[in-house]
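Read from first to last, the chains carry the letters A, B, C, D, E, F, G, H, I, J, K, L, M and N; within each, the first residue is number 1.
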């Protein structure tokens, strides 16, 4: 019955990666629309984009930490 | 049957990270559209964005705390 | 079978954090669009945003209290 | 099998907090758009917003009461 | 197996509170947009809003009654 | 196994209240937009709104009756 | 195991009432928008609305009949 | 285990009534928008609406027949 | 365990009726919008609508046939 | 346990009929909008509509064949 | 327990037919809008439509092959 | 219990075919809108469409391969 | 019980192929709209499209690798 | 019961790949719309696109690592 732990790890990583990717896709889409509309503000926009992508990547990394912790107990 | 606890931790971290990422993506997208439309307000917008991202990151951190607490009992 | 309690805690924290984050993302997105459209009203808008974010953060905190209460009985 | 009660409490608090947060996010978003469009009506709008947020917060508090009642029987 | 009753109570309160909050959020959002567009009709709008919020709050209260009735039998 | 009946009652009341609230929220939102656009028709609109809210409240009351009937057999 | 019948009744009433309410909310919303746009056609519109609401109420009543029939066999 | 049949009847009636109501709501909403835009075509529109509502009501009646047939075997 | 067959019949009829009703509602809504926009083409539109409604009704009838066939074996 | 086969048949017919009806509704809706906008192209449009409806009806017929094949083995 | 195979076949055919129908409906809807907007390009559009419908029909046929293969082993 | 393998094959083929069909429908719809808007670019558009359809068909073929591999082990 | 592994492989390939197809469909749709609006940029657009399709195809290939690895252990 | 681990791996890879693909599709779609609207900014846009695609690909790679780790313990 210990194999149920794999499902837990799977749900955690799967949902977190899925959510982060959807959020990053949404943010990047707006960034590229912004650059196309206002090419001279592209530096400003890309800095903000990287900041936002990093925040969202961090959410998956928190989950990654939890997943590794759980994996050590399986 | 203790492995069911892993599923609980997985649901908590997965859903929280997914929701936070979706919310952050939504907020960042609007921020970048705003900068593209009004580049001179970009400082104002980026400050508000960081504030909002921090609030949303905090929600995942609350869940992170709960997940660690649960992990100590597994 | 006590491990089922972890699932309950996980559902509570996960759903609450996810919902709060989505709501906060929605509100922040509108705030940033508002600042971009009317930069001189940014003070007014940011005050209202903080008020709304606090209300939504409180919902997760109520759930956090319940989660801690449940955790003490696991 | 008593641990199933935790799942019930979790579903109640999770769904209620999620719904309230989504509703509050929706209302706050409109409030901030309204302030940005009509800054001189911001007092009127913020009063209405607080009224609406209180109504929605109350829904989670009703559920909080039920959750505490259920917790005493676990 | 009596703990399954907690799940029933949880589903009832959770779904009802979630639905009511979403409905109230939708109504409040329109109210605030309406006030921003037509500030002189704000009295009229706020009266209608309170009426609608009360109707929706009542739905959760009906469910609250059922939940208390069920709780007495657990 | 009789506790499964609680789940049935919970699903009935939860779904019905959720649906009614969503429907009422949708109708009220349109009513308030209508008043904001055409304040002199507000009497006409509010009458129609009350009529519609009553119809939707009735749906939850039918379910309430069924829920009470089921409760007497639990 | 007879308690499973309660779940069946709950699903029937819950889904039917939810669907009817959503449909009625959609129809009423359009009716009120129509009255706001064309106040002199309000009689015509309200007649059509009542007709449509009655049709949708009937769907829940069919389900109500089935639910009562099932209840007599529980 | 015969009580599982109730769930089948419930799913059939619930889903059918829900779908029919959503479809009827959609059609009625368009009918009322049409009358508001073109009041002199209201006879034509209402005839078409009744025709469409009858078609959709028939779908629930087919399911009603099946539900009664199943009920006789429970 | 034969009662599981009722669930199969229920899923078949429920989903088919729900889908057909949603499709018919969508088609009827467009038909009525079309008549309101171009009243002189209403004959043409109503003929096409009946054709489309018949096609969609046929899908539920195919499922009805399967449901009756399954019912004879329960 | 053979009754589980009924569920399989039900899922197959239910999903296929639902999907086909939704697709046909979508196509018919566009056809009627097209006729209302360009009545002189109605012959062309109706031919294309029949072609598309036939393709989608065929998908349910393939599933019908599979359902009959499965039914012979129940 | 071999009856579980029917569920597998049902899921395969049901989902595939549903998806194909939704995709075909989407494509056909655009085709008919295109013909209504640009009647002289109707030959070009109908050729492309048939090509696309064939591609999507093929997806259900692949699944049909798998379903028949599975059926031979039930 | 080996029959559970059929469910796995069914999920794989069903989801893959459904997703591919939805994607192809989306792409084809845009292609036909494009041809209607710019008939002289129809060669260019149809080439790109075929390329995209082939990519999406390939995803179902990968899954087909896996399904056949799994089928050989059932 | 080893047959549960087939379900795991099925979920992996099914979800991955479905997601990739939806993403590719979305990207291709925009590409074709872009070519229709700006035919002289079609080379540029098609290059970017191929790049994006390759990235998305790679995601399914990663999952394909995992599926083959899992298959070797079934 | 160890086969349950396959399901965990499947959920992880499936959800992650699906989310990444949806996000990448969203971002690529905006990139191509941007190039079509502003062809001279295509270099800038493509660089940002590659950056965003890499971030999203990384999320699936994190999950890939976890999946391989889990696979070694199956």
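Note that in this section contacts are C-beta pairs under 8 Å (C-beta built on N, C-alpha and C of every residue); 3 or more make two chains touch, one makes a residue touch a chain.
Chain by chain, the UniProt names read as follows: A, B, C, D, E, F, G, H, I, J, K, L, M, N = ATP synthase subunit c.
Worth saying up front: this structure is predicted, and the values here are computed from it rather than measured.
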Both-way neighbours, i.e. chains that touch subunit J (ATP synthase subunit c) and touch subunit I (ATP synthase subunit c): none
Inter-chain centre distance, subunit C (ATP synthase subunit c) versus subunit I (ATP synthase subunit c) - centres from mean C-alpha coordinates, in Å: 42
Subunit K (ATP synthase subunit c) and subunit L (ATP synthase subunit c): spacing of chain centres that average the CA atoms, whole Å: 10
Distance between the centres, which are taken as Cα means, of subunit L (ATP synthase subunit c) and subunit J (ATP synthase subunit c), whole angstrom: 19
Sequence positions of subunit D (ATP synthase subunit c) contacting 2 or more other chains: 1, 3-5, 7-11, 13-15, 18-20, 22-26, 29-31, 33, 35, 37, 49, 60, 74
Touch-based graph of the chains, sorted into line, ring, star, complete or other: ring
List of subunit I (ATP synthase subunit c) residues in touch with subunit H (ATP synthase subunit c) within their complex: 1, 3-11, 13-15, 17-26, 28-33, 35-37, 39, 42, 46, 49-50, 53, 57, 60-61, 64, 67-68, 71, 74
